[in-house]
């Protein structure tokens, strides 16, 4: 099962990324340990930390890169595209079976909404800030991102809860 | 100046579109009368009503269509693409100088966020429901869609206010 | 009917473009006079000359632009895209009903082959050099670009012959 | 090093694919044995045979799939895209360092030309028919696909020659 992790870009040692660094590394490690392939945008920020965590336990990390981007050093598969950040995100989401959202600015928000539009389940890692928490506040009936109600959006407060939700989906 | 109008798709005689039908036609007419070129997704719903309004006064309406879509009958320029709804929206937004959002489900939300990511000013036609009103509620400092604050998001309650905002941008 | 004109890019006063400049302007003028909407890549070279010719008689010229490109000054509709030259060509071809090829390097060759893949009729303006003449030499059974034979490729030696072929297609 | 293999699609037990089946499997096996990651369109025909050959020796095969395509059973990494065959080919080529062309109809021809446009070296496996042999006939100065001469196109008659060329590029 391919799990996309989307979230803040930016330097890993500066806010807002540094504030959630540990939990991102843990998320990567636990996803990899449990046999999930991680798909991400391949760049810095949350993407880099999750990739790092996965690589510590020899996991597979696919990075779908925008044009002229080398990607972080922890990717096991680099998919280069001729596209800008937004267009390449469409490939990233299509390649994933489920999306985990961690913090994030507008690019992350687009990825979550594209996932929803494509009927892919979403897990909001609440408490990580940015659009992840903003989406959690505006969910329709606590579960949907628009009135078509085409796929459920889940909230998780810990890495453990994320894994439990994924496990239930895998069955 | 190219003004994108994004919003609900769906039949124009059924909710939620029928409830805002008159104001959508009026928006199309007034944009065209004031010399704006309208860019839209070319399909039904808000797109069709705005196109209809613009054609009544001989305006120009560019429809950027997804694959295998004929478009509504009021378009003056049809841009066909080989893409799905979301991918074709990237062309729609890039071609626009400013985006007006009217109601809307997740597809509209993606278009608004892509506009923001690209630094295009946005006008939320508040009171029209859907993601337009949802965005109005979660704006950071009442004006931004993420903490990078890269372009202002405006709110308007009437067609007249929309025209005033556009006029100010045109100068 | 939307007629794509694809061909050499580059400065219009230098070879190879300057050698076919007059006939390109004439092509633009005659297409516009006969009521065809011209679709092109919107840049310099053959695109600029055809656009110029069309504008002399008040024709409509749609330019489908790659990212960060302003386009030549003769376009009546500018479609901006977030894409590189090749990706934007996919939109250009999809928007066209038939493609006229004039000279051209590898970018033109891609546009002709994409048209063929999409089942759009092609007119090779033979004698204009580049891939247009190269395709003319390798046609299967003098008419096809691969063994699937899914759409006919025509050869024309003059602007008049191009117009006759288009007229026959329009009927 | 990522090596794209492009070529005929279609059933592997029917012409023209069945006529080159053995050599395609051998190509996949030898590329994998020599440590190359294979990138392909992930579908049937040459893609399937090369994937099969690579999997026999535990190689890595990335398939970049068009929308709603499951891919052949030998892929180790499936990259799903929301795109049609042509648009997804742009990702396939961008992800590759060099392209090997085997037979092929118009889709293959587009992939070879996109590679050339992007400055990626190309190896034509001559004698395999289709556009691979057609390109070999029209090369400018025996080496280029247009007069810009931006990257060399090589010809190889055997799998061994392909490996020698790749080895020279790797250095």
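Chains here go by letter, A, B, C and D, matching the order in which they are written, and residues are numbered from 1 within each.
The rule is short, and it goes like this: contacts are C-beta pairs under 8 Å (C-beta built on N, C-alpha and C of every residue); 3 or more make two chains touch, one makes a residue touch a chain.
As the structure is a prediction and not an experimental result, all values here were calculated from the model.
Participant: Using the stated contact rule, I'd like to know whether A-B or A-C comes out ahead in C-beta pair count.
Facilitator: If we tally the contacting C-beta pairs, A-B comes out ahead.
Participant: Per the centroid of Cα atoms for each chain, what is the distance between chain A and chain C, given in Å?
Facilitator: So the centroids are 43 Å from each other.
Participant: Compute the distance, rounded to whole Å, between the mean C-alpha positions of chain A and chain B.
Facilitator: 29
Participant: Which residues of chain B are in contact with two or more other chains?
Facilitator: 67, 82, 86-87, 90
Participant: Quick one: do these chains touch in a line, a ring, a star, all-to-all (complete), or other?
Facilitator: complete
Participant: Residues of chain A touching chain C in their complex?
Facilitator: My answer: residues 67, 82-84, 86-87.
Participant: Within their complex, state which residues of chain B touch chain A.
Facilitator: 16, 85-87, 90, 105-107, 109-110, 113-114, 116-117, 130-131, 134, 137-138, 145-148
Participant: Of all residues in chain D, which touch chain A in the complex?
Facilitator: 62, 64, 67, 77-82, 90-91, 94-95, 118
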